[in-house]
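What follows is a short report on a single structure.
Chain nomenclature is as follows: A, B, C and D, assigned in order of appearance, with residue numbering initiated at 1 for each chain independently.
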């Protein structure tokens, strides 16, 4: 089973040299800490920066330099700053090679819900709807089940959608799964997790073909 | 203050004396755009002056709604806002309370569509198509049209009676330069105000800003002043230690 | 009768303090030389500058600083540079208070033709179609008749249009005329020009009400 | 040249060795966008390399078509262009001859619509409404729609197989800074290329350009090189005397 950092680490293995990457709030943010050696990627934050660096040293934080999670950050050499209209021009125009975000639910047809629980939580979609509607390569990072033990990989989402037929891959604490036209296709098991466990935790249609390897992380 | 206005040698000199003077003409029930992302790059002084002015029933267009005791949260506290048009309104309990109780109307818009709608409002583009929000609640009542086999929504431009932005430096003509990610929504919103007010940390004479590196050309700005005081509060102070 | 500079000078009297003004190629360009004392306006050139100044001194010309007529220019203190998309955002978004441009024909309903003579001259519309479709205040500067002596103020344009129902006022070598819903309304005569002369040179419907004053320039 | 490529430590390093190397993959019948206004801010070195490469049947999207013996006029001279998409094509006799004789297809577009269509192409906006051209030849076959009582045309985004832009300074990541009015169409076109090539007068290491004053963020640029030679010809030399 993977913890949050494990999920981030597995997704970080997907990064390719030269990619521009947008990381959502939560687990996705941790990916920046696990970029494999030899791989150079540039992180975009949709509030207006390309080339986001690590947190500043204590005492060097700048109120005018934050990421989309409102955290103080730094800018790397070769970075650039721009306004929100330009930032989403990059996103909508598919100039970003990978988008990673969290989710409350995903469906076997690639729908995603992550912005609203009617009557309970209404924080707003922020940039998520623009990201999922435009990105060609979307990976969801989340736990396989919610805190009540219910599966978050569903036949059909129950919560209001953020986007339709957009998620390509999901990495959870239990597995790496691709979304195909026939449903969730199991690609890798998390260390120490059995196919049976993954099946039990997946409400949607899970396709298991042949031997399923354990992740190498 | 009258004396100040008499000293203006031309209307290209857009200086006003204070945040209070900048808000001249702001009335109840108006639509106001406010720049900023979270608490970064918000027009602190004009927000304080709006509280003091006491106008109510405002429609505010702003990416966020501040926090309980800073930014637009201050206007919410004083029940001056009738409707918020935003993309993300977490980090604000009073907001959530007013919204869930129905006291506050809320129109939630995808962040990119919000930025593009402000830009379009300033750029004389009445409407455009975007893929964001297709198949979601956001799409209800909106025209769907396919381009290159992909569904898109028709989104209309946003404008405002007043747009209030915050820049780092500005000159008397209204030319603006922003610093870091405090830029965010300020440039597109500066374009979309019938009257655009800019508050700046440093107001300089024309010629002091390099024309090649102006972020918002002065033509979009009608009034400018140096903000009385900047707190520049940090929402999430994240640091690493030097060791 | 006015010469080109006279036409420019009369239009310059219309300028108001604080206006942003776009001047077309030809006679309109001359207006910059006749701004009345005490009036401060800012000239926009649609290739990307606000605050255009006079021609550079001999030897100081810069290939990277031209106006929309491709002439070398200077930039005044307080000027700003921007790209073509932003430039036309200003124009379309009606941030410019006055547009002055030349024309081959105008009609009594405010149509303008100035970009094409079928089969003969096809230079393209440049920024003229954007300007006339968006500007709230358009003044045309032109000669009253063409080189064959034919009127350029017509009931209906014969050349391909640049824009419809957009021209508000025209200043020619003979007169200052407003476009009203009933047609061309004569407002002022050029020095030494009679109402009769203007009538003869105007093919469209010319409205003459009461005494028509001579221009004061 | 192979050695050069081996030295690249990452794909964030987008340097290529020459204009010739930058054009790798350009083929007959492709659509190419080229920045510049008149002869100001045009990618001189890439145009020369396109002539040398000899590709034909090109569709070129560029505000102007150069003059007879410089800029895009050189590609016209060599009959490499099948179709021009432009707003203004005066100052070029060969162009006029080819167009009137029917050898050259020409699509004339209002200048603001051209800029906005390139921007839209880069920004993932498939189409938008603009008032420009309503009631003219430009409107033929285009959807008309009223917003606020005013007629508008639906205009679709433009993209290109290659966008070629010219900047003043650039770094290895593709971040660009332009100088003066040589900026013009370069930023919106840089956004709209499937592959965007930037030629610059001065190529610097990452970190040398201030992130706060980048005109075109590197994400839009795939290849960059320092131009071999710049003539920067002036089309209309207008001056005043010092006396």
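Note that in this section contacts are C-beta pairs under 8 Å (C-beta built on N, C-alpha and C of every residue); 3 or more make two chains touch, one makes a residue touch a chain.
Treat the numbers as computed from the prediction; the structure is a model and nothing was measured.
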Need the graph distance between subunit A and subunit C over the touch network, please. 2
Those chains which touch subunit C and also touch subunit B: D
Looking at CA centres, what chain is most distant from subunit C? A
From the C-alpha centre of subunit B to that of subunit D, how far is it in Å? 33
Just curious, how far off is subunit D from subunit C if you go by their C-alpha centres, in Å? 29
Counting in whole Å, what is the centre-to-centre distance of subunit A and subunit D, each centre being its mean C-alpha position? 35
Considering subunit A alone, which of its residues make contact with at least two other chains? 49, 75, 81-82, 88, 91-92, 134
Subunit D: which residues touch two or more other chains? 116, 119, 123-125, 130-131, 178-180, 212
Let me make sure I understand the interfaces: which chain pairs count as touching? A-B, A-D, B-C, B-D, C-D
Subunit D partner contacts - residues on subunit B that touch it in the complex: 116, 120, 123-131, 145, 147-148, 150, 152, 156, 178-180, 212-213
Subunit A - residues contacting subunit D, complex: 17-20, 40, 42, 44, 49-51, 75, 77-82, 86, 88-96, 134
Please output the residues of subunit A touching subunit B within their complex, sorted ascending. 45-49, 54-73, 75, 81-85, 87-88, 91-92, 111, 116, 119, 122-130, 133-134, 160-165
Residues of subunit B defined as touching subunit C within the complex: 9-12, 119, 121-125, 171-173, 175, 191, 205-207, 211-212, 214, 217-220
In their complex, what parts of subunit B are in touch with subunit A? 37-41, 63, 86-91, 96, 99-100, 106, 108, 110-116, 118-119, 130-138, 168, 178-188, 215, 232-242
